[in-house]
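For clarity, chains are labelled A, B, C, D, E and F in written order, and residue numbers in each chain start from 1.
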Amino acid sequence: MRPSGRSLDELRAIEIEPGPMRHAEGSCLIRIGGTHVLCSASVEDKPPPFLKNTGQGWVTAEYGMLPRATHSRNRREAAQGKQSGRTQEIQRLIGRSLRAGVDRQALGERQIVVDCDVLQADGGTRCASITGGWVALRLAVNKLLKAGVLTTDPVMDNVVAVSCGLYAGQPVLDLDYAEDSVAGVDGNFVMTGRGRMIEVQMSSEGSTFSRAEMEDLLGLAEAGCQALAAAQNKAVE
Amino acid sequence: MRPSGRSLDELRAIEIEPGPMRHAEGSCLIRIGGTHVLCSASVEDKPPPFLKNTGQGWVTAEYGMLPRATHSRNRREAAQGKQSGRTQEIQRLIGRSLRAGVDRQALGERQIVVDCDVLQADGGTRCASITGGWVALRLAVNKLLKAGVLTTDPVMDNVVAVSCGLYAGQPVLDLDYAEDSVAGVDGNFVMTGRGRMIEVQMSSEGSTFSRAEMEDLLGLAEAGCQALAAAQNKAVE
Amino acid sequence: MRPSGRSLDELRAIEIEPGPMRHAEGSCLIRIGGTHVLCSASVEDKPPPFLKNTGQGWVTAEYGMLPRATHSRNRREAAQGKQSGRTQEIQRLIGRSLRAGVDRQALGERQIVVDCDVLQADGGTRCASITGGWVALRLAVNKLLKAGVLTTDPVMDNVVAVSCGLYAGQPVLDLDYAEDSVAGVDGNFVMTGRGRMIEVQMSSEGSTFSRAEMEDLLGLAEAGCQALAAAQNKAVE
Amino acid sequence: MRPSGRSLDELRAIEIEPGPMRHAEGSCLIRIGGTHVLCSASVEDKPPPFLKNTGQGWVTAEYGMLPRATHSRNRREAAQGKQSGRTQEIQRLIGRSLRAGVDRQALGERQIVVDCDVLQADGGTRCASITGGWVALRLAVNKLLKAGVLTTDPVMDNVVAVSCGLYAGQPVLDLDYAEDSVAGVDGNFVMTGRGRMIEVQMSSEGSTFSRAEMEDLLGLAEAGCQALAAAQNKAVE
Amino acid sequence: MRPSGRSLDELRAIEIEPGPMRHAEGSCLIRIGGTHVLCSASVEDKPPPFLKNTGQGWVTAEYGMLPRATHSRNRREAAQGKQSGRTQEIQRLIGRSLRAGVDRQALGERQIVVDCDVLQADGGTRCASITGGWVALRLAVNKLLKAGVLTTDPVMDNVVAVSCGLYAGQPVLDLDYAEDSVAGVDGNFVMTGRGRMIEVQMSSEGSTFSRAEMEDLLGLAEAGCQALAAAQNKAVE
Amino acid sequence: MRPSGRSLDELRAIEIEPGPMRHAEGSCLIRIGGTHVLCSASVEDKPPPFLKNTGQGWVTAEYGMLPRATHSRNRREAAQGKQSGRTQEIQRLIGRSLRAGVDRQALGERQIVVDCDVLQADGGTRCASITGGWVALRLAVNKLLKAGVLTTDPVMDNVVAVSCGLYAGQPVLDLDYAEDSVAGVDGNFVMTGRGRMIEVQMSSEGSTFSRAEMEDLLGLAEAGCQALAAAQNKAVE
């Protein structure tokens, strides 16, 4: 029934290639089906100004999409002179999500900037960015631990994300573009490796949903997040 | 226990004054405790370009805050030359929420722009904007119906919003600033008058939450939204 | 003869409500007929950089208009990414005018930012902003005096403003939008409570004027400013 | 007593060189003492959009200053990405002033853009721009008349401008920078060749003025404008 | 002697992977040593406005670099709100270069936009962008030819580019970052497959060069371009 | 054969007027035929931040063009809110070229900003800007030497520039607009007074060129640069 032939609770193929970017402290190329995101984590020695002399660090994220990552070419945001509201919303979500998995006191007065650049889009780019962004972050922190810059691990748990939605009236896991573009209800779920929730965003476009439908989507998301966390762990070994 | 002395499931005082803006097709001043938002609905004869010749209309929203709506003065966005990511995120949410309550076919090829300007902020400005924005929209549509421009009512149901969060470990309804600024988990719930969900956004800053806590907040929100919808109905009579 | 039925030298109804904004050091809502402006004065502990170590303070102003303050909706300046030339011209005028009534040495090294946001426009918004802005400023300074932060009052005199113009060939006081939009000659007069002039701006669009006509307008303005100063004094008591 | 040794009612040396810009329909280099402004008038075949199908034309102006026209280098506005409030205020004044001397019906559906670029500044750049801008405009219109594009002359009268102010307590004509930078009261007067007033802008910085002082400045300005109009007429012959 | 151990006239390893971007009409990932650029060619049915009704088409290019493509993270241009002068200079060069190899009449009234995004930088990104951009363009045109949209091949010849410079006083081919950052003289050479020159840009920073040195660099470039063209041809087969 | 009647290797008339800008440390008005550029050099006491505490200085340049310097009016960059890619490319070239003639150690920790503003354009504005910019720089440095601020002359040699191109199949020196707008191949050559090369930029639009043609253009440029350097020397005496 799904355009891809997947069953309702089936994720797309997950591939996470660690370390593709030579200069970054941590990086990965994550492929969730046809959605490909290149993620890097850059460690900066100073925290943002508002955290000076607090002993705490910060994790922030930026998100971008190549102009031809999509079916038809989008205008380049740098050429337009501003980031769209959608871009800003997504990068705020990525940063907030990753911070939920980090002990900022243990990180100390430094900042990690996670860049997520979508090379190819087929739905779920923000979720892939969070899942891949965590891998880049984990690898960068590993490097700091190995070098003795950090002695306590500030990464408290995995952070993973997946989308679910109502497609043709059915709750389905991990929407691809063909599904996402027609789904009336669509949610993004960010969770920890242990299954705690970090962020739940369910929204409907021209439609509404019941509490029972919400429960169905949550159940799918919990299972999907477990599989994604396992893939993360394999990639960072 | 709450700074305001309210009980856990108690909303702040709601006042909705219809019609304060002479020129707008619909308007209201909504006061949810110390949060005051001036909302207007402006009817434009043409839909946005992407809906030309589709027979459908559009509802969109813009959000702003006076520089001294807050404890300390914020820089004016017009002077800074751009809207913040937060502003864009909020106005996208307001627009999406209001559209969920409107039959865009019945609206026909026109656009209604809802402006929500916060005159004073004490937490929950985005929820107050949605609740007040719907009143402005309802009044503008009433005017079109009365004038015979519209013959079928495109407004399908009330749209209301309220925030809930975990404050000092307890689920509380309708966070004010004193609560919101320290709550580790915080959610915005947008619902219809009949209790269907439109948007659920739960997020945590430096913390996570369980499914059970999520259920508690949802329960509080459902009750709060009923009261808000009643206040809307009273205001538009 | 005037659209409003007023006599040639008659001001519109003046209402000045002090203190509507909880967070501001001083604020007022001024209503000059259908023109409503919300004014706040924010005290900042530091002067602008160019006054560091001079012992002098500064007063500056910002001006804005809600998109639907006017007959048809104007684009939001924050969304357009810049303030119009008109906005900048007006806020420079407000700041210059208010500074003329303040002893900047007595103010000391601090800055007062006066925000004037037009909630509803019916002509004369810049004059209402100056008149209301002074009330907000006066109230903020009163607070500093009361708290002992200031010991000498830096406010030397009232600052008031009114517009006059040639409407249907006749000199009239306090133009409303119906008059302003067709007046060939139009002036803004900023004066002190004692009747000294601070700023005179007379301009014509597609027309010219004689020195005698200028004298007529000045005479009307002087009388109008007296009445406005009395209203200010009553509001700040 | 004046830094330049001029008498109180003495203008600086006026030189107006017509035609220095090969490509412009009309141009001049105006030198008022050490203030040098290069003015051009460009004729465009179409009016601005808001005048389409009205039979009327438009005159508008833009103003700029070379970075090193002043004592110390100013940042280039093009590099800063915006025109300052001062620049916008000045170019709006120039456009409004020149339009007052033009019959827009006789001009027909075309636009004349007057560019005023300050090559060297020594006070009074906006007045020199108006006086020189009119010469460029006059020459461009002459060209249209000669070519038979226009058959009725739309230029109704000269437009000239001069500044006056209170320097060391005395009313003086045509302030140079040394005077302008210390004058407490300062006015710009735009008049027609026949002595009608177009625009009067008197303002004070940290000071106020009486009606009598205003009269004195007006008197000086009237005489100065006559001399400037004579210089214009000589240049365009 | 070279940091990489290459001989003076030795190119870095060239890998050109065709077709990595599912949605683009043509694409490749080009790797010149550690410099990796993802190139796509997007076909648009309409030419830019200035070519309407001329029967001619256009080829243009945009260039970007991921923030962490470099040793230390660069600010994202989209977040800064503008493209740097360097970026604009490079994308103008790429567009001009590719157009030199295209018969714009044969292309007809359409536009091909070539996007070159640097995933990893190790010197020579503009040259790799031109060489890879041509492959993307060639593949997109092949698709149009195959589909019968085009019947005459508008691609007249390969377009390739390579840098050469004086490193430690010696002329070397294909500078990597270690060489480029210290080379006093540095040139980019764009040529056709048949060895005609399209663009020569030699510049020095804090140094100068003789005509003989220029000849040496040209000679190296000619040989390098032959090898690059062969790699292109292999990739597009 | 050339539109101007010049012989193939003939420069246009060169006039360099030193010192036209009263406030600048150095300035000139350079006229190369109908191309007129006003150049100033402004000395700043501090180097740019990246050179703090290095003992070295900097030379940078900005370029602009009056809106009506050209046949039809161009939009003012300050009004558009950004400098075009062309402008940025040119000003980067001017700065790089002038730095090649300066010993930055001898200049010490200061910055010289060279502004080149085109008053009238007839082809070759970037070359005229370099040639004239050097004169302004030379004069500013002379002033510093004379004042004893500098004791060693940091100017090592003249910097001059000229364009050459293939016009109607023939190599010609110093293209004017009539030639430049149709030339298929066009080069800018920046050299020192002693004939060393600083920058060579040859590019073709819709055409290619051979190495032999390149040699021809270089030969013309060398002769032209000698004459330009002689004119510079005469102007700065």
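Operating definition for what follows: a contact is a pair of C-beta atoms (placed from the backbone, for glycine too) under 8 Å apart; a residue touches a chain by one contact, two chains touch by 3 or more.
If you're wondering where the values come from, they're calculated on a predicted model, not measured in any experiment.
Novice: Could you run down the chains that neighbour chain B and chain D together?
Specialist: The common neighbours are C.
Novice: Among D-F, E-F or A-B, find the interface that matches B-C: by residue number, over half of the contact pairs should be common to both.
Specialist: D-F
Novice: How big is the gap, in whole Å, between where the Cα atoms of chain C centre and where those of chain D centre?
Specialist: Spacing between the chain centres: roughly 28 Å.
Novice: Once you find the CA centre of chain A and the CA centre of chain E, what distance in Å lies between them?
Specialist: A distance of 33 Å separates the two centres.
Novice: For chain A and chain C, let me know how many angstrom lie between their CA-based centres, rounded off.
Specialist: Roughly 50 Å, centre to centre.
Novice: List, in ascending order, every residue of chain C touching at least 2 other chains.
Specialist: Those would be 81-83.
Novice: Could you walk the ring starting from chain B, turning first toward chain C, and list the chains encountered?
Specialist: B, C, D, F, E, A
Novice: Help me check something: in the complex, which residues belonging to chain A touch chain B?
Specialist: Against chain B, chain A makes touches at 82-83, 85-86, 88-89, 91-92, 96, 99-100, 104, 187, 192, 196-211, 214, 218.
Novice: Give every residue of chain C touching chain B within the complex, in rising order.
Specialist: 20-24, 27, 34, 38, 40, 42, 44, 62, 64, 66-73, 76-83, 87, 113, 115, 117, 119-120, 122
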